[in-house]
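Both complexes below contain subunit A, partnered by subunit B and then by subunit C.
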Partner chain A sequence: MHLLTGFILALLVSALLRATIPERPLLAAILPAVAAAGLLAFFASELLSMEFWAGGVGFVAILSALLVVMHPNPMVSVLFLILHLFCIALFYLMLQAQALAALQVIVYAGAIMVLFVFVIMLLNLRAEEGLRLGGGVQRIGALSVGALFAGLMFWAIRNRRDHPFFAPDALVEGFGTARQLGWLLYGKYLFAFEAASILLLAAMVGAVVLAKRRLQ
Partner chain B sequence: MEREVLQVGLEAAIKIALFLFVMLTTVAYMTWVERRVSAWIQDRRGPNRVGPFGLLQPLADGVKFLFKETIVPPFVYKPVYVLAPALIFVPALVTFSVVPFGPTLHAFGRDIRLQIADVDNGILIVLAFASMGVYGVALAGWSSNNKYSLMGGLRSSAQLISYELAMGVAVIGVLMATGSLRLGDVVAHQEAYGWNVLWQLPGFLIFLVAAFAETNRLPFDLPEADSELVAGYHTEYSGMWFSMFYMAEYANMITASALIVTLYFGGYNVPGLRLLGLPEPVAVATQVIAFGLKVAFFLFLYVWVRWTIPRFRYDQLMNLGWKVLLPIGLGHVLWVSFLVLRGWA
Partner chain C sequence: MIRVEFFLVMGALLFTIGCVGVLIRRNIIVMLMSIEVMLNAVNLTFVAFAREGQSMTGQIVVFFVMTVAAAEAAVGLAIVIALFRRRRTTDADDASLMRW
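What follows is the complex of A and B.
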């Protein structure tokens, strides 16, 4: 984990330098680059470890999720949401669920986010209209729910069963392939799957009825 | 362990470097082919001054683009404006990584698969990255802050979503026949049972039309439609960034052609090659060349269609996608599943 922690620290130092001494942008670029090169020389063997990549993707995922909420421009928020969804797909991949990773990219990053982009382009939202913080009540509510969630996560991680993070041997044969996914969806969970599809159909019909004021 | 990782990494690096070289050279020469073939179709001469037959024209063009001033208009949203050309270029290159361009080669004591990434879910990866291509166009249009560009971006996002659906439905036929999402298996299946195009003609035609729409080529180039939108989504781009869009268009065409060949025309497979009993390196080379020739034919088809069929109107485009291609595609899926269930496929 030294390599990853070092990289993140270098990135933070770079951001701090850029914020405090903006008149010398070269300094903010060179110092962290030197630090990163040194780290790479010392801990090169960690490049092959799963922890490094999982942690790196996790860091990017959290950073992009934060930027989704905090960036003033709605279009940039959407771009960071796409990046975030990509990170989640990478997590699926690392957990050997390859079909799910591809589906995540097709459905979320590919189809749903295009609709987001489309709507933002149609409404022509500008940066200044994007960020409108709520009042005191909303802030307190958000903070308390956030704290609750953080506590839950902390509790869950503390009490996790002692599996290693990455254990491909513990999986069943053919885990994560489209074949396995299909067997589960159309065999074991057929009823739930069909019920969900009927729900979606009902939602679609409802949307069409609502969108078309007068049905001829 | 470390040694094996190094070997695999080296093999992958060599394959990627070779692939990039071939791909980018082909992209450069496609610009020449397009201009020469269009000239031939229109009974002109085309670029024939730089080098023999104008063969050095792409080089001259590249130098010109590199030395042109890149003008960034003051009203654009710069972070996204800079990102967009890369966003359209990268998916085209990534998609190709799952396409097998040759059989397994036994050399240096290793089995070298002539494919960059032999993944289980090849077809899903293809669809995933095909749907990524829309962001480049849509974001270029939005960040340019120009109404023509915005119209181009909007059109492109609607068009790509509509045709992706038809494309996915067409691919289901191939998938059911093969029983696997791995593109290597798709080729192997066609080697054993004949090319898919022979009995999946509707699926092939839908895929072909959708591929034209996905690459924004005429008759579906509405996102740039020069007669209505100046140049659509890349109106505000200049210099090398503008040429990135062009390179992306040709890279997309090459990838789409390779996919058509892999899914419907047997990939690198040459019928009857095994009967000749050639030594292995020769056979492998023949198959790689056959793959290249098949792809070249579809690239030619792209150019041929561009200078033959006029641009669709936007409502015609949407009608074709949703009311013609999609129902035919669904019918095709039913038909293929009937054949597969009866064990005839």
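What follows is the complex of A and C.
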């Protein structure tokens, strides 16, 4: 119940202040949600369970993913993708994956998104170039496929029977730390680790060759 | 305690959003970003199952998915740069030379 409360509260606060501050819609959407959550944490700390934060972060993750997909300006899409990646990192923290949360912020939001920003600025893409969404039939087809896909996944998840709850005391010591990741990467999954490094080398060579100017 | 279905439903929803984004948008860079959204949804599902099954293998898989996503983003963006240099457009429908 707390989860839904967090979800709905974040939605209501964002919608309310987006309506009241029209000249800064992004700030009006994000800042009051954070401020409301902070005020609630200060005054009613027993009300804020993990589910409440999960619902709020979930709302921001879905909203930012929708804005990545829907916004006409690719630069704004990149910024919302960075916000989305931070939300996913928060989910990792809730799921006892601390090392992965740090890696997510460093690698994904810190390196891959910087690459996207560089390319968008290099190509000097503007909103009017990115505004061309697909045609009418394509959009109807895409949305219906998306609805079918979502329905299929919800049905599959609803029909799970095995483990409805987490077992909070059954984790090994240091689950999700970098030490455990390191033991596995250099132990059991050493071959995959080395193969990934060769893959990165190949990608680096490929990227340099593809983006290089033609030698005169 | 948060149930695992919350993270699974969240992963499914985000995957669908990314999938629809790849299908709808014609700007190649936004299509690449939608692919990143899909990959992150898959990562979230893996981490949720790793937490539920008390196994670190799910997190190792996420590690490698992140690596492959980085490599794919780099090469994809290099292709976009090469394409843009020749054609001055990032519209995926304009790169239709091999279409029937």
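To be clear about the criterion, the second predicted complex is superposed on the first by the 146 of 216 C-alpha atoms of A that agree within 3 Å, B and C clash if a C-alpha of one lies under 4 Å from a C-alpha of the other, contacts with A are read in each partner's own complex, and residues count from 1 in each chain.
Everything that follows uses one rule, which is that a contact is a pair of C-beta atoms (placed from the backbone, for glycine too) under 8 Å apart; a residue touches a chain by one contact, two chains touch by 3 or more.
These figures come from a predicted structure and were not determined experimentally.
Trainee: Do subunit B and subunit C fit side by side on subunit A after the overlay, or clash?
Mentor: Aligned through their shared chain, the two binders fit side by side on subunit A.
Trainee: Which partner does A:I140 reach: the first (subunit B), the second (subunit C), both, or neither?
Mentor: Neither subunit B nor subunit C is touched by A:I140.
Trainee: Which of the two, subunit B or subunit C, is in touch with more residues of subunit A?
Mentor: Counted on subunit A, the partner with more touching residues turns out to be C.
Trainee: For A:L103, select first, second, both or neither according to whether it touches subunit B, subunit C, the two together, or no partner.
Mentor: A:L103 sits against subunit B and subunit C alike.
Trainee: With the two complexes superposed on chain A, say which partner A:A178 touches: subunit B (first), subunit C (second), both, or neither.
Mentor: A:A178: touches subunit B, not subunit C.
Trainee: Does the superposition put A:V34 against subunit B (first), subunit C (second), both, or neither?
Mentor: Touch partners of A:V34: none, neither subunit B nor subunit C.
Trainee: Could you say whether A:L79 touches subunit B, subunit C, both of them, or neither, answering first, second, both or neither?
Mentor: In the superposed model, A:L79 contacts subunit B only, not subunit C.
Trainee: Between subunit B (first) and subunit C (second), which does A:V117 come into contact with in this model arrangement: first, second, both, or neither?
Mentor: After superposing on A, A:V117 lies in contact with subunit B but is clear of subunit C.
Trainee: Of the two partner chains, subunit B (first) and subunit C (second), which one does A:A192 touch, if any: first, second, both, or neither?
Mentor: Second partner only.
Trainee: How many Å separate the nearest C-alpha atoms of subunit B and subunit C in the overlaid structures?
Mentor: Here the least C-alpha separation of subunit B and subunit C stands at 14 Å.
Trainee: Which subunit A residues are contacted by subunit C in one complex and by subunit B in the other?
Mentor: Looking at subunit A, the two contact sets intersect at 99, 103, 111, 115, 120, 122.
Trainee: Going by the contact rule at the top, pick out the subunit B residues touching subunit A in the complex.
Mentor: Touching subunit A from subunit B are residues 2, 5, 77, 79-80, 83, 119-121, 124-125, 127-129, 131-132, 134-135, 138-139, 141-143, 150, 153-154, 157-158, 160-161, 164, 181.
Trainee: Which positions of subunit C touch subunit A when the two form their complex?
Mentor: Answer in residue numbers: 1-10, 12-21, 23-27, 29-30, 32-34, 36-37, 40, 43-44, 47-48, 50-54, 56-57, 59-60, 62-64, 66-75, 77-82, 84, 89-91.
Trainee: Touching residues of subunit A toward subunit B in the complex: what are they?
Mentor: 48, 73, 75-76, 79, 82, 98-99, 102-103, 105-106, 109-111, 114-115, 117-118, 120-122, 124, 177-178
Trainee: Please give the residue numbers of subunit A that touch subunit C in the complex, ascending.
Mentor: Within the complex, subunit A touches subunit C at residues 3, 50-51, 54, 58, 61-62, 65-66, 68-70, 74, 77-78, 81, 84-85, 88, 91-92, 94-97, 99-100, 103-104, 107-108, 111-112, 115-116, 119-120, 122-123, 125, 129-130, 132-134, 138-139, 141-143, 145-146, 149-150, 153-154, 157, 160, 163-168, 170-172, 175-176, 180-181, 184-185, 189, 192, 196, 199-200, 202-204, 206-211.
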